[in-house]
């Protein structure tokens, strides 16, 4: 069980925990957090592969992680903004009720 | 001079001396403990002294004696306070969220102590010489807001929640100018590690030290940094969260006894940490003010500057009235933020211009003119609007 | 062109105009109608006289014929032309028709005096006279045919004058239909002639259909059975003539036509109309006698042979049947049939002049006989059956005298008009190149003629007056006679007896214009100079003796059977009947020809009608019904198909689509987590797929 | 598989699991911050100090607070009346488990379990700064643009409509 595998397994676990959160939680904000978690799992992968990858000096892993964190932050901000707007409009953050976008 | 050097490094040498007696297996842990322990002892003592100093200072400003009953001239007052807070009953509201209620003060103090890891108290007397020291400092600083919120929310009372919300909003608003102000120094020094920044300032030309404060962007940076710092630690003009006259005691209203004391400890430690960073960034850290004074050990200078800044804080607390919430916010986003960005710009200009009087003239004018304009914007007397609740309808 | 030729059209136009005016007059304008009709007839007569004088003055040869043609109407780029002609034939006929017509008009004033529809009668008479004159002067076969039809119409109207009487109406209808059959053949012939020659004008300055160029064209082509076209056309036209003149197959209507008033019978069924057929054959004689140049001029063509044979048979038949009739007018009718047969035979064997001479003379004495019969009926207040008459000699001496002159002329008593004309025919028949049989038939016919006329004379005028106390069935009597009451028979008034006397004079004297000694009439018609010579007289002498012998024989027989012992009982069977009852009954019923026709044609007609009715009712109607039902069934089927298959299928299709869409829409239920779940599954599949690929 | 790694991993997993399963949203956020700090520690352990401190600064400092604010403003701070999990939680978690199983299987089967551990790469902030300024200059600009846009967008979206009467 090489350290890389360990980290990958950990990130896979993190990812599936985030996915479980997204799929099961009723509150929109917690779903958003679940998504954040999944993104972080991806970041962990980046850093793990950077650390145990063939060419650590290239710093691509780190760069990717940094940019990913930036984007995740932006996404979180906009997501929460939207959730607030939805709440103001429909007075609820319960995803099961927010199903007007349907066929 | 040999003598000052050994005196200067006395702590470092003693630590290595002690380490010699420890078995190698435990050495990393023991060395960590040995370097952390003095910090954990020195700064709480400093906290005790500043409480007394502050109360006597405020008294003198307000033309009255401070505490003078306990010990000589009231200087053993902190011991009495300490015993009082320990013996007081620790009341926790029934509806409070027990776990979060307990965790809040611990997280606050922990965050404060973590901040000292990167401050260079003396020549090579720094706990951890991190490459991204300043970043570490701010990362840890941001946990304070979370702790404040936990405290406010967990005690389930409207006043504490209101206080917490105000505190968090204020701290977030002033964290941005704080970081931007420090960025100026990082840009100028080209490194994030605090030790490198201080070493950069430790050199002298003739007798004048190369402190950053003696540059136009340095001085404005220092002023902006100090304003943001006072806001960060909820002191004096920005102590809206625990404005006694309105919401009694802010987010730690439901705390009593030792947890209450911890809150105070955390607050003061936070103040010491940010002023420490100010010292390392602008006032040359442990560097002596004049070349001929370098014989005095470096840590003496660090603590001297620290005491000076503390007195400034106390002085400001005594003189300036409390700001209104919207004035506070306006100051942060309409004055501080533009000024810091401008400061970064002037630092850039400073860096590329050839040294000389023109450089000084250009940079100072670049800074003073917008400062006057922006401050005029703040002074407009805005009609006091009816309070609109910003609750998410 | 002289004035008379150009204005020849006035001759027929005046009577027609008078007829038209009288038609507008009211029933009570009796005097006005009569005078107008007679006036128009008189003017026509004078014009005809003028025309006759003009023709006389023209001299001889081809220039004798003058015709006036005009464009009638245009169809396509051709003009249809009509016209009238003035030649000796026309002149003679004009004279005869107008003169006899005038006398009949005068006679009918008296005869119809008591009739309610007096004006209507004169209107029809005037119309008939005009039409007859039209036929005479016509230079175009089309114009002739038109007038021919009007003549047929007026004969129908006049026969059926007392339309209230069903027998009269039936007789009129019968006359009209039978002549119609003949006219049909006539029309076909005309059409065929037009198609061949391209014109219907007789004489059009060389281009007419009776002129040399057209005739040669007709003769050269042959149709079926090797007959030349001219023969075919001639025969068709002869059928028309046969119909109108009552020749053998189509003669049945003539005896029944006696239902009409007696002046009608006199004018139409004795003198003019029946003569029209003979005149027609005389008019188109060049066509009939046209033959290819190779044959000699005198050999009779097929058409003429047919005319001859038909004429001969009709003559014999008419004579035979007349012997066994009881009705006074019916005897005269059959005698007319027989005489017309003689005329046709004359035309066939002798040529135009022979036939026409007998026609003219016959017109006079036959109309005399009819008018005489009319005055007798008038006298006996409508009694027509000769067995109920007798001994009228004492009551009606003038009528008796005129009647005997007519009877003798008819029989061909020497020196009377009939003798000369009938002798000419018999002479021509004797000289007939092909066969001698027509001559023998003609001779026997002459014998019979003499016999039945004497029988009639004795029945009516001689012997005891055995009028029955009360006349049996009144129904068929003339309404006029009924009011007359039953007092003794009396002489007719002057207006009726005067024409009789005039006609009697002509019946006696007319013969002398065409005797073999001085054949003026024949040469006048042939357009040659008349030469006074004894040669033909001496040649014809023996034949004349033979015919007069026959006449005396007939008279004797008649006196033998009927004259010797006066007839006492009207109910007793006829003398001849006692001798030969079977033959007598056959003759009396006219060889059962009517019954034959009824049995064959009429029944065929009814069957055809029934068949058509059945056909129409079941076949056509059935077809239409079945077709409509078929359409209905089709419509029902279509509706059924539409509802159950199309609609149902479409609805089912729509339902499945909507159901499918509903299930599909569940996929997109708006639940975000649902979508994410799907994405998760997709991720799994993707990874597995990638790995699977990698490991393989 | 040092002890230190195990502790940090356990910390992260416990934090995130709690974040996804606790009833009270605020508790979820707090446990999330715990998990994220654990993750930052993992980054430090992997030698990426800069990323670790940014992780803490960005997530614990900003995103957590933002989430807390969002929760406070949407009045779902109190313990929620309805059940915390959506009706079809079973299938969701099942999918997650299967995803984990597949990924785990993929990882374990795909990569060769080499034991050799490459040396700890020493990365200084200067190197990161250089890389940012040179190799990754364009992405940096784009990220700057993106962040400003996100900033403005979030403000506009969350701003109450002007017609709101006071």
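Should a chain be cited, it is by its letter among A, B, C and D, assigned in written order, with residues numbered from 1 in that chain.
Note that in this section a contact is a pair of C-beta atoms (placed from the backbone, for glycine too) under 8 Å apart; a residue touches a chain by one contact, two chains touch by 3 or more.
All values reported here derive from a predicted model rather than from experimental measurement.
Engineer: What is the identifier of the chain with the smallest separation between its Cα mean and the overall Cα mean?
Structural biologist: Per-chain C-alpha centroids compared to the overall one single out A.
Engineer: Can you check which chain pair, C-D or B-D, has more C-beta pairs in contact?
Structural biologist: Counting C-beta pairs in contact, B-D comes out ahead.
Engineer: Provide the C-alpha centroid distance between subunit C and subunit D, rounded to the nearest whole angstrom.
Structural biologist: 130
Engineer: How many angstrom lie between the centres of subunit B and subunit D, each centre taken as the mean Cα position?
Structural biologist: 29
Engineer: Suppose each chain is reduced to the average of its Cα coordinates; what separation in Å results between subunit A and subunit C?
Structural biologist: A distance of 124 Å separates the two centres.
Engineer: Taking each chain's centre as the mean position of its Cα atoms, how many Å separate subunit A from subunit D?
Structural biologist: 6
Engineer: Using the touch definition from the top, which residues of subunit C touch two or more other chains?
Structural biologist: 671, 673, 676-677, 680
Engineer: Scan subunit D for residues touching two or more other chains and write them down.
Structural biologist: Within subunit D, residues 50, 54, 62, 73-74, 86, 91-92, 95-96, 99, 103, 160 contact more than one other chain.
Engineer: For subunit A, which residues are shared contacts with two or more other chains?
Structural biologist: 19, 22-24, 84, 87-88, 95-96
Engineer: Any idea which subunit A residues touch subunit C in the complex?
Structural biologist: 19, 22-24, 31, 95-96, 98-103
Engineer: Of all residues in subunit C, which touch subunit D in the complex?
Structural biologist: 671, 673-674, 676-677, 680-681, 683-684, 687-688, 690-691, 694-695
Engineer: Which residues of subunit C touch subunit A in their complex?
Structural biologist: It comes out as residues 664-665, 667-673, 676-677, 680.
Engineer: Help me check something: in the complex, which residues belonging to subunit D touch subunit C?
Structural biologist: 86, 88, 91-92, 95-96, 98-99, 102-103, 105-106, 109-110
Engineer: Using the touch rule from the top, collect the residues of subunit A that touch subunit D in their complex.
Structural biologist: By the definition above, subunit A touches subunit D via 1-10, 12-27, 29-30, 32-34, 36-37, 40, 43-44, 47-48, 50-52, 56-57, 59, 61-63, 65-67, 69-78, 80-85, 87-88, 93-96.
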